[in-house]
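Labels A, B, C, D, E and F are assigned to the chains in the order they are written; within every chain, residues are numbered from 1.
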Amino acid sequence: MIHPLLTLPTLATAAAPALNGADTAWMMIATALVLVMTPGLAFFYGGLVRSKNALNTKMMSFAAMGFIGVLWALIGFSLAFSGDGKWIGNFAYLGLRHVGLAPHDPAHTIPFLLFMAYQTTFAIITPALISGAIVERMRFRTYLLFIALWSLLVYAPVAHWIWGGGWLSAGHGDVGVMDFAGGAVVHITAGVAALVAASLLGPRKDYSRQALLPHNVPFVLLGTGLLWLGWFGFNAGSALAANPQAVLAFVNSLLAPCAALVVWSLLDMFRGGRITAVGSATAIVVGLATITPAAGFVAPSSALIIGAIAAFPSYYAILYRAKTRLDDSLDVFSAHGLGGITGMLLVGVFCRASIGGVPIPGSTDGALMGHPDQLGRQALAVLVVGLYSGVATFVILKLVGLVMPLRATGRQEDRGLDIGLHGEEAYTTGEGALLLMEHERPVTTSANPAGPKPRNLVEA
Amino acid sequence: MKLIVAVIRPEKLNEVLKALYKAEVRGLSVSRIQGHGGETDEVETYRGTTVRMKLQEKVRLEIGVSEPFVDVAVNAILDAAHTGEIGDGKVFVLPVDHVYRIRNREADRAAVTPIPNPD
Amino acid sequence: MIHPLLTLPTLATAAAPALNGADTAWMMIATALVLVMTPGLAFFYGGLVRSKNALNTKMMSFAAMGFIGVLWALIGFSLAFSGDGKWIGNFAYLGLRHVGLAPHDPAHTIPFLLFMAYQTTFAIITPALISGAIVERMRFRTYLLFIALWSLLVYAPVAHWIWGGGWLSAGHGDVGVMDFAGGAVVHITAGVAALVAASLLGPRKDYSRQALLPHNVPFVLLGTGLLWLGWFGFNAGSALAANPQAVLAFVNSLLAPCAALVVWSLLDMFRGGRITAVGSATAIVVGLATITPAAGFVAPSSALIIGAIAAFPSYYAILYRAKTRLDDSLDVFSAHGLGGITGMLLVGVFCRASIGGVPIPGSTDGALMGHPDQLGRQALAVLVVGLYSGVATFVILKLVGLVMPLRATGRQEDRGLDIGLHGEEAYTTGEGALLLMEHERPVTTSANPAGPKPRNLVEA
Amino acid sequence: MIHPLLTLPTLATAAAPALNGADTAWMMIATALVLVMTPGLAFFYGGLVRSKNALNTKMMSFAAMGFIGVLWALIGFSLAFSGDGKWIGNFAYLGLRHVGLAPHDPAHTIPFLLFMAYQTTFAIITPALISGAIVERMRFRTYLLFIALWSLLVYAPVAHWIWGGGWLSAGHGDVGVMDFAGGAVVHITAGVAALVAASLLGPRKDYSRQALLPHNVPFVLLGTGLLWLGWFGFNAGSALAANPQAVLAFVNSLLAPCAALVVWSLLDMFRGGRITAVGSATAIVVGLATITPAAGFVAPSSALIIGAIAAFPSYYAILYRAKTRLDDSLDVFSAHGLGGITGMLLVGVFCRASIGGVPIPGSTDGALMGHPDQLGRQALAVLVVGLYSGVATFVILKLVGLVMPLRATGRQEDRGLDIGLHGEEAYTTGEGALLLMEHERPVTTSANPAGPKPRNLVEA
Amino acid sequence: MKLIVAVIRPEKLNEVLKALYKAEVRGLSVSRIQGHGGETDEVETYRGTTVRMKLQEKVRLEIGVSEPFVDVAVNAILDAAHTGEIGDGKVFVLPVDHVYRIRNREADRAAVTPIPNPD
Amino acid sequence: MKLIVAVIRPEKLNEVLKALYKAEVRGLSVSRIQGHGGETDEVETYRGTTVRMKLQEKVRLEIGVSEPFVDVAVNAILDAAHTGEIGDGKVFVLPVDHVYRIRNREADRAAVTPIPNPD
């Protein structure tokens, strides 16, 4: 996302910047596509867990649409995208004040409200990404409080640093990190937070003692399809217009995951002799996460290479992680964290000031073109953002843990969080389900009806 | 001790459960099965493939009881699962040598003679 | 949908109105998105029923795409959108005559054919919405006849009244009801029809005696995701252009369901201590249905409030309905009917003639801005449309009931409508399925092959 | 797809053709939609097979996204769309050289890269279509090699002939076949290849001895929904701009499947008394495949007729095929092959040089307008393309069969290809799954651990 | 009366059903189970997790028959379910005390001696 | 010969399988069932419908063994499936008249007396 002018005082946007219908059409559809990534993620993650936790896992994504959506519109967006602070925005846009139908920035050609909506979809999916690390054991209300705080204390500031005119952003004179669609803002923040959250919560009770297998691999593939579809909005929409850079980001978001999928399949084949479906789904997501920061800055042939490279760290990290006691259950760090890191660094290698004679806004020449300095800036961003997200996530979870338990009870974990925390089952035949009259309804689970304790006939 | 194995219609399960509950029969196991009996087959078509479905959805109950409860339980099932239409199902009573409760290892041989008349 | 000029004699559209590429692009994608709502609905509804009726429920939506799609293109569209009659259109566009590639109306910038296609998708989903009230028991052919008649006798006229230049529409001098994307035309008509249809058909055999539980909640969530995606086309497409009003409708369609989801979750939490997945899915749909009439007329902050308000009537109506003998099985009235009503009324409260200085076409200031008169018009529309749909649905079903049975047989209901009415199962292993040669194939279900009646060996 | 000027020497594209934002926006979204057809196909096909082969079937589509995507970007695109050869392109665009952000052709208004990406999605789905003919038995690696070769040796040349300026294309002076979005290039090539592949591989072991039933019809319907959504991009995107012809193609892609669905339902009803869900899904796909070559050339009323006609050949071919020994398992030829043929021929009947006064680029008047000559050209293309695809597919498979087995082993077929070829199950509870330490992991399936052979207690 | 419990390969079910049909055995119940026997385990991999699948898909038949039909039914199964490969399954014959038909409450004790030779 | 039918908690299956493996018991069949016993019911809510779930997920094992292995197998199950909480399940031991191996038609009557002490 390139907003070189976001750092100008917003009041100075006087010259009545013009709306463009094509850009508006594109950004509406891009926003809709990014929103659909969250249900996509729900299915990607939800298929990977056991059926007794399928709803809980999906609800971690769906609830983010509600709670983070509202919170972001009311506060988060203002913190990220207002003012010219180095560290954080101000409250200028609180409750959507001053967020209207005109473009807010002379460089924009779409209503400011649409920009806000687009950003909302990013703010929603980022904390939802974390949920993959703590599935099948986290208390749901605690999760809601956690992601709400995380969204305000981690996501909003980092978005401000890099995209909102903060200290890491290009215009500010300080650093000039290039992160086209969120390699650092989205994937590194979420990936590192996943690592910390998984450590703090501890592994699932059965982890490494039992095989915890995906209950519905087709759902994983469905999620992958929806994620890829949405990711076109995510990456190509980050140009904020239907312009050549959007096309560049679009094409790269097609090619990089193709390449990642091929390399991952070959790795699968060399290792186990068989190409796996779960692996293929993972490869596509890794390819997409890795190209995210680079999508608008590199040539399509570089995107193929980046996608191919992306497969390696994630592939081996996933293999390694499974042997440890770290129950980052759905490998959020290995897929998104490493994808984001790899991508952010490779931006510094492959980025180009112009491609085929067309200048690329917000970009510069990278290491391959003989300018290694951008690589340094990218590495700095990786470090700083990773560190900040890690520390802040740790503090938030420790604080939250003082107020309420982080984990569901052992019994809830055994029987599944769907029944335990949501009072529902993902798949049920209704057999043995006796209708309860309203007055019988207990607030939580109830014991068997009292009365003369029946002799269990087989006993004494 | 006996093991009662009953095959009933799925839609009758809840009524049977209630009847067994009234008869003070508590422990039981339930599974979805498919059965073939005297019922009319259904014909299904998937593109060019037409099939006759020989099996129908049924529910199987497995209930371990001590002798005095055998008739109580069987009657409860025969009453509650009855519609009079073909396909109501069957009840089998099998002999059992031993029963154990996993929770406390009670070897329930002595347990086969509880107070015969339910309170 | 705003077509202030639709009431001009259509022959007067001489000045060769210009096509706009951006608007055309946007309306193509909006149309595709609305179409995908119908499969989305199929999954939303199909997940809520028992597996033995999963296909029948889905087919009620899919078949509407075929039968209503063709019927609308041939007749319905003409009835709704031609001529300047107060009550109904004429046959000017019968069989798509005069529906061409030029804009039909000086206010339009897209081909008339595209407008027709967009309207087709609305015409398809509206009767499909009703199906949720009569799942698991209605005869399929009767359903097809019913929705065909309903589409022509209820949907087309009401669409004409409000959108086609009829007596409730703004330009006609009579009333001037504001219904941006179908709060009345779509949701009230379908919601009230659902109520009537459920009453006339009577409850399912097992209703209130057995627990009738959703067989696949993930499908409900999938349907929700597809519905939300499509609803962006539904609401923002109703501006018929990629303009600021479309953006307004778009952003409101993002925010209102977020708010509805939050409030619903809190209600769930207060009531039962647990946030449910089915509840969350319902909340999103309710938020979307409620914002539908208001989407292009209210400020985003109002959309948040409207979404939040929307949760209450539907939440409690669903709780109440379940205790009655009214088997509106999937709560179509509580979700869509009440959503539409609430939304139509709140338009009169929150609507704004301009937002942030940008004038809003077709809108006016509402009660909150000191002009309560629009609220009256909205209330009138709610009453008239609700009443008309109710009475007409009653008459149609009674008439149809004279010609053919409304309900499947009891045996079909027991074994499931999938086998009984479609000769298929949603999920099958193929066990016990014997291949039938063509000559053996009976037209309907067949008895066991004749021959010496076998002794059933356990019998005598 | 109309590129009348593609045959000009590409160096002559000097006049700096202008990019158009609206067209760019539309083509990005069209490309994304076509990409999502491949996961859609995975679900359409994956639901029709038995659960033990669900992943393998889906992977045949997903793997195409990776392997064909990369191959096409590197080589295939160049072969199809470069140079002015009659039979095949050259290597001008190898590795995406010279494929940049400017339009490549004066007639285009979108970046050449976007054109390439759009074509990539077509190249991906076409070989994936074939997979339906050889599900549940083909070796996966062999399949990958096969589609890779097929893509280069069948798809790329035929695309060149018709769309890339080759001997069948309009501009070349030779033939001037009209194939708007791939009736011949996509559906006939794939359909005939399916026929040949099914014959060469032979039927599944259980074919015609056991009933092989769809394990998940909802997935078939989901796939259908995604396919229809994507097909709007496929057909309307083939105008390469958001122009009236795109709208025409769009509207026709809405109406034709509606009509096919109605007719198919009636055929179902007359034949077996019941409208089937699998049939309805098939009807929609057949309607879409048939309108594909005609979408941008015929009037909407003709599209309704074409859709209605389309149902007949496919319906009866499917019935007939099931009685033969030809195990084209998911009826790829009957649906896509016949759809493509019917559509290609009907183009020659219904095509129009102008519709409602609007001239249709690349089109001419057809037989119904008194010009039967185009019908001849269409018939020629059907013959030539069908023959070429058949012969080439035969040769490729014979050659591949020399290098590696075409079919999975009988045991893999029995136990399912998911476990056998991918080492995964689509749906698993994890019961009886014992964790294996890394050092225990065998490269392929392993025998029981050795050691004192246990006495099987029930034996002697 | 006996209860025959047979565990067979899923792909053999239809042949077994046909064989039983020929042998005039009509009533039976079928369920999907997973079995462990002498067959080679499958190895599966999901990301970093590699497992050995100890259980294989099997089908379980439960057939209540009167004594004269026991051998007929058992032989029909042994023939139709046979492949000769490891994993073909087992047949158990269990004693039964009582059988009841739910539809008409026939207590089928007298029913255990039908005409021995099927017509 | 006996047929051991055990109902256990799903999460205990793998431990039970391992214990049986150690006890040299190889052949067995497993199925998913739902059970009702002394456990607390769960309450579930779907929109306006609130239900009490009388049934809980359990796993059913069926193991045919010869007499000398009955106690070995039963004890292995009782140990491995035990948690001490309500809901651990039950073990039934049923008499068996005959066992057949489908693969080679071995009529396993003679087979009921293997060497009593494992290898």
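As a working rule, a residue touches a chain if its C-beta (ideal position, glycine included) is under 8 Å from a C-beta of that chain, and two chains touch if they have at least 3 such contacts.
The shown structure was predicted, so the numbers you read here are calculated from the model rather than taken from an experiment.
The minimum number of touch steps separating chain D from chain F is 1.
Shared contact partners of chain C and chain D, listed by label, are A, B, E, F.
Following the contact convention of this document, A, B, C, D is the list of chains adjacent to both chain E and chain F. Shared residue numbers account for under half of those found at the interface formed by chain B and chain F, and the copies are therefore classed as meeting with different residues. Chain pairs B-D and A-C differ in how many C-beta pairs they share in contact, with the greater number at A-C. Here the CA centre of chain A is 51 Å from the CA centre of chain E. Averaged C-alpha coordinates give centres for chain B and chain C that are 44 Å from one another. Chain geometry summary: the mean Cα position of chain B and that of chain E are 18 Å apart.
Touching of two or more other chains is recorded for residues 14, 17, 26-27, 30-32, 34, 36-38, 44-46, 49-51, 54-55, 64, 90, 94-95, 99, 101 of chain E. The multi-chain contact residues of chain D, meaning those touching 2 or more other chains, are 20-22, 25, 29, 210-214, 216, 222, 272, 274, 276, 278, 323, 423-425, 429-435, 438, 441, 444, 456, 458. Taken as a contact graph, the chains are fully connected, with every chain touching every other chain. By the touch rule above, chain B contacts chain A in their complex via residues 1, 10, 13-14, 17-18, 24-27, 30, 32, 59, 64-66, 69, 99, 101, 106, 108, 110-111, 114-115, 118-119. Residue ranges on chain D touching chain A, taken from their complex, read 19-22, 24-25, 28-29, 31-32, 35-36, 38-40, 42-43, 46, 54-55, 58-59, 62-63, 65-67, 69-70, 73-74, 95-96, 99-102, 110-111, 113-114, 116-117, 120-121, 140-141, 216, 219, 222, 226, 418, 421-430, 433-435, 438, 441, 443-444. Note for the complex: chain C touches chain B at residues 52, 206, 210-211, 414-415, 419, 423-425, 430-436, 438, 440-442, 444-448, 456, 458. The residues of chain E lying in touch with chain D in their complex are 11, 14, 34, 36-38, 40-46, 49-57, 90.
Listing the residues of chain C that touch chain E in their complex gives 429, 431-434, 452, 454-460.
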